[in-house]
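Two complexes, one shared chain (subunit A), two partners (subunit B, subunit C).
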Partner chain A sequence: MKEYSVVGKATRNIDGVAKVTGEARYTFDMTLPGMLYGKLLRSPHPHARIISIDTSEAERLPGVKAVITGKDTPGGKYGPWRRFPELMDEEALVTTKVRFIGDAVAAVAATREDIAKRALELIKVKYELLPAVFNPVEAAKDDAPQIHDGVENNINITRHIEWGDVDEAIKIADYVREDRYELSSQSHAPLEVHDALASFDKSTGRLTVWTSTQSPYYVQLGLADALKMREGDIRVIKPHVGGAFGGKISTYPEQICAAFLSIKTGKPVKIVLNRQEEFAVTRRRTPMYIATKIGAKKDGTIVTKEVKVIADGGAYTALGSTALYLVGIYSSFPYKIPNYRFDGCRVYTNNNPSSAMRGFGGPQAVFISETQIDRLAHDIGIDPIEIRRKNGMTPHYVVPGQATIESCGLHDCIDKVEQKVKEWGELPKYQGVGMVCYGFMSGGIFNWINTPYAFSGAMVRVNIDGTVDLFTQASDLGQGSNTVLAMICAEELGISLKDIRLHVADTGITPVDLGAWGSRQTLMSGNAVKAAAAEIKRKLMDVARIKLGENIVYDLEAKGGRIYLTLRPERGYSYYDIVKDAIRYNDGEPLIGTGHYTPHGKGMVSPAFTFGAQAVKVEVDIKTGRVKLLDIATAHDCGQVINPPAVRGQVEGATAMAAGCGLTEELLSEDGLVLNASLAYYKILRYRDMPHITTLEVHTHEPEGPFGAKEAGEGLTTPTAAAIANAVYHAVGVEINSNPLTAERVFKALKALKKNKAT
Partner chain B sequence: MAYHCPVCRKISPDSMDLARHFLGQNDSKHKDWLKTKGLSYGELIMLQVTAFGNKGYETLAEIFEKEAKVDH
Partner chain C sequence: MKKLLELTVNGEHYEVLVEPKTLLIDVLRDQLGLKGAKRGCDSGSCGACTVLLNGKPVHSCSILALQANGGEILTIEGLADGPNLHPIQEAFLDHWALQCGFCTPGQIIAAKALLDENPNPTEEEVKTAMNGHICRCTGYNMITEAILDAAKRLQEARR
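And now, the complex of A and B:
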């Protein structure tokens, strides 16, 4: 492993002090002079036509400055899928038909929040109720209510992936098993709810929006579409963000309505969702019905696999189509499967829209794949670790038609976790260990927004005193990307982190970056930052070379605040002196470097993949069905680790989130109404519920990544639910094919098992 | 031998490939053509995503074998 000066060294989060002292500013905290408070009126019905909306009484309420409905907007649909306009199926305020409980129909701006809330009560909406459908299988039938005009059978998206000959291969398999799953929905439940503050300047016709978002660029585009404005007349700024987890990627009604209201009133308008709205009307993880069939030889070699998925899309497309595709890809990971078929279908229903959530189809895929492979191992009589080892991907493996795996530390991860499991030793009754393997993308090659820009751009400006201003639109949501990108810049320039100042996530001043999703920022934004810094370094080295007067065959290096001959380190100059010369020698031209990155020739999914293994030890209370987590060990191959404490933080945070998906978290709904839209009833695991988590180091080098780095954030949310299910299986022998493994589910499964044994 | 999509004239090397193309189209013209053959887009898709195998595509491919085959 190469030794670096900055990269790989434990580094404090550069935002850390601001956050723990309360100095960090979030959209939630922001106010502007003369600011108005906005609220959205939402449909109480899952499916209904709007007959009329009377806003007159609300408009007369003292303190109300504007009330708008769909007819006050330029009209037309918007959405993230600009590449396929037929999938842009959303309206900021519904004009004709509401499609889920919570669809926004009107918005109010008032001088106080309580006045805005009161005004909502005064808006009279007449609805014509329409039959609704909440199950995707029912929604796809010929006689189901049609949710979107022109979309027969409510089929939103289909996906088909196939390689090899599945039907022939199944004939040569010695063991075949089929399993069916019903996987539930979870909420992102970020600490900071969705919010937006919009300020329209009538004198310039320009709009500024501060918002809690994963992608200022996507919000800028969505606003331009919805408002029928030029992108360049809209500036979107991302302050600190209190968590997002995939729920804040696109453009949302509160952002668009805050903008409309600001345009109408000429005042800044802020809209902040309440916690009930956050649970009930924002996006959620896609629930799926999955059937999977696997065939293997008696030595455990997998010869074929087939996966069928029906996804509950909810009322709109959002980013659910990518989740559907990725569940198909990840259901083949991380194993070499010579014959594979996936068919998926996303169906509109009158539930709230499902979309991206941390893992993006990965948690669902890993749950079905890793529980099935464990049971297959049992059927064959082979060790569950051995079957994974036998079939695991290796470096340079090609996933036919989809991707090439370059770096792959999967086998090292398996070895490390196996060692940990051995240390746990023999277990008492009702305790079990579940092990899981996974693979995940390090930056999605998805241009659903149809941007002509590079996927990531960055700019570096070096000042006369050697300090550096780094401009990037990459979005830190709390995962620490600001620190990682600053470290990459410092390493490339050979200077200290303290010399770097970041300017981030502001469409008015930073080069375009697609934002924080698909685990892309370390690799994609990191590559753009490294390229920008490298351009500066070249300019500095040119100056140093002239000053040194050495033969051009001798290489230079930048490290430790110096630029020097690699073979004669004592011959060199201070970086700070070279910077001054570089500016003076070039007629005072500012020292600016730009960089960009877009993956080319890297397949359909990602330019690189991370891999990992996780083992979870549990204890099952057979009287109640309650599962207690006892210990967790994770080995995650993220290539060259940029910031070790950040990776550990991601391991622990992702594991807690994924454990919730496995044990307690489920959005419950009936007839389209979310029943547990509250932190009291949506059960998130707390600190005291989590056991000790061990992070096991595995080192590889990814040639496509900056300094060899890959992601360490989303992949880590994929294994834990499956590992818990496997651990329960090994502890008490029950196969549970839905999540979360609540006490009730486990108890019922134990009861059924006892009954089966008796008969 | 080639197979032409009866709606958009896309050429496929075999009837299964044409069936995959056809059921991947979400527009009304392709769906209306299915109705003229007494088939339902929704039923074919559900068949493809609920039953193991390629049953949705195979049902459509049988029709293309008879109707969409074109000699080069």
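And now, the complex of A and C:
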């Protein structure tokens, strides 16, 4: 393994001091002089036609500065799917028909928040109620109410993936088993709710929006579409973000309405959702009905697999198409399955829209696949770890027609976790261990937004004193990408982190980057930053070479603040001196390097994949059904680790979110109404719920990643719920095909098991 | 009718006029400009708004400002000694006990209250004392480690 100066060394969070002193500013904290407070009026009905909206009384309320409805906006639909305009199905303020409880129909700006709230109560909306449908299977039937004009049977998207010959292969399988699942919804529940502050400058016709987002660029494009403005006249800035988890990728009504109200009033306008709105009207993880059939030989070799998914899309497309495609891809991971078929169907319903959430189809895929493979091993009578080892992906494996795997540490991960499980030893009654394997993308090769720019861009400017300004639109949401990107820049230039100053996530000054989703920042933004720094390094080395006057074949190295001959380190110059010379030699031209990255020749999913294995030990209280987590061991192959504590933070944080998905987190709704829209009733795991997590190291090098690095952000959101389900099975013998494994579900399953045994 | 509220916040004396219904968090954030304490849930479920009132942790989103009349308040902004961070803050940085940072002010203030009362807590005691604080990013263990380490640092500083 190569020894680096900065990369791989435990480094404090660059934003940490601001965050521990309370000085870090989030959109939530921002105010501007003369700022107005905005609020959205939302539909109380899941499906209804708007007959009329009377805003006159609200407009007369003292302190109200503007009231707008869909008719006042420039019109037109928007959405993340700019490549396929027929999928752009959202309106910031609905003009004709509401499609879920929470669709926004009007917006108000007032001098105080309480006045804005009061104004909402004074708006009179007449609705014609329409029949509504909440279950995707029902919604796809011929007699179901139609939610979007021209969309037959409410079929929003279908995805088909196939390789090999599934129908032939099933004939040669010795064992075939089929399982059916019903997977529930999870809420992102970031501690900072969705918010936006917009300020329109009448004198220039330009708009600035600060917002809690994962992608300032996507918001800029969404605002341009919805407001019918040039994107260059819109500047989107991401301050510190209080968590996002896939829920803040796109453009949302509060951003558009804040902007439009600011244009209308000439004042800055801020809209902050309340916690109830955060749960009930923002996006959520896609609930899925899944049937999966697997066929294997006697020795455990998987010969075929078929997966069928019906997804509850809710009212709009959002990023649901990608979640559907990825559940199809990940359901084949991390195994070599020679014959595979996936058919997915996303159906519109009158629920709140489902979309991307951390793991992006992965948790659902791993839940069905890893519970099924455990049961398959049991059917065949082989060890559940052995069946995984036997079928697991290896380096250079090609997923037919889909993806090329380069680095792959799966088998090392399995060995390490198996060792840990052995150390846990014989377990007492009602305890069990579940083991799971998974693979995940390091950035998606998805251009739904239709950008002509590279997926990641970066710019490095070196000043006369050697300080470096790094410009990137990569979005740190807390995961630590600012620190990682500064480390990559410092390593490439051979200088220390203290010389680097970041300018981030501001479309007005930074080159386009698609932002933080699909675990793309370390690999994609990292490659762009490394390339920008490499351009500077080349320029500095040219100057050093001239000064050294050595044979052109001699290699140079930049390290420890010096540039020197690789084979004769004593011959070289200080980085700071070379920077001065580089600027002076070149007529004072600013010393700037740019870099960009877009994956090419890497298939359809991702330029690189991480792999991992996890074991979870649980204890089941058979009186109540309550499952307690006792221990977790994880091996995650993320390539070269850039910042060890940041990786651990991602691994542990993702595991906690995934354990929530497995145990307690379920966004409940009835007839489209979210029932537990509060942090008191939506159960996020707490300190006492989380056991120790042992992180087992594996070492690989990914040729496509910066310094060999891959993702750490999302892979670990995928295994834990499945591992819990497997552990519960091994502890008390119940197979549960839905999540989360709440005490109620486990209790009912135990009762059913007892009844079955009795009869 | 507005009423006069007297508070000492981070060692500074303030007199502000407030409505009887005004919550403490709104006085701190909107009138005093102390934005460190965050509003996370409005239901006392997340702990992001925690400040110390007369040395005890309170949810500033769930008490009236006038209930704190005459009291001494410590917010995250008052914890560091000028440029020198408090040992709890240092420990949070060293243990990567924060990610998005939105819950961090509440977590650190609650940890201060815990360590003031119990300078040498066990891991279980830390988890129990902190159980009312939601962190959506870290999975908690790294915060627990930071608090246990902070306890050590504070004890060494006292020696």
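One rule holds for everything that comes next: the second predicted complex is superposed on the first by the 759 of 759 C-alpha atoms of A that agree within 3 Å, B and C clash if a C-alpha of one lies under 4 Å from a C-alpha of the other, contacts with A are read in each partner's own complex, and residues count from 1 in each chain.
Going forward, contacts are C-beta pairs under 8 Å (C-beta built on N, C-alpha and C of every residue); 3 or more make two chains touch, one makes a residue touch a chain.
These numbers come from a predicted model, not from an experiment.
For the composite obtained by overlaying on subunit A, subunit B and subunit C can both be accommodated side by side without a clash.
Among subunit B and subunit C, the chain that touches a larger number of residues in subunit A is C.
In the superposed model, A:G243 lies in contact with subunit C only, and not with subunit B.
In the superposition on chain A, A:L679 contacts subunit C only, with no contact to subunit B. In the superposition on chain A, contact is made by A:G478 with subunit C only, not with subunit B.
Once the two complexes are laid over each other on the shared chain, residue contacts for A:I464 go to neither subunit B nor subunit C.
Judged by the touch definition given at the top, the superposed model places A:D15 against subunit C, while subunit B stays out of reach.
Using the contact criterion defined above for the overlaid structures, shared-chain residue A:D167 touches subunit B, although it does not reach subunit C. Once chain A of one complex is fitted onto chain A of the other, the partner contacts of A:V176 are absent, as it touches neither subunit B nor subunit C.
Shared-chain residue A:R688: touches subunit C; no touch with subunit B.
Minimum C-alpha separation, subunit B to subunit C, in the superposed model: 35 Å. Subunit A residues in contact with subunit B (one complex) as well as with subunit C (other complex) do not exist. Here subunit A touches subunit B in the complex through residues 86, 137, 140-142, 150-153, 155, 157-158, 160, 167, 178, 291, 293, 306, 308-310, 341, 343-345, going by the rule given at the top. Across the complex, subunit A is touched by residues 20, 23-24, 26-28, 31, 40-43, 45-46, 48-54, 56 of subunit B.
Only residues 12-13, 15-26, 28-29, 189-192, 240-243, 245, 274-275, 477-480, 645-646, 648-649, 652-657, 678-680, 684, 686-688, 690, 692-693 of subunit A touch subunit C when the two sit together in their complex. Contacts from subunit C toward subunit A in the complex involve residues 29, 34-46, 48, 75-77, 79-80, 85, 89, 92-96, 98-105, 108, 126-128, 130-144.
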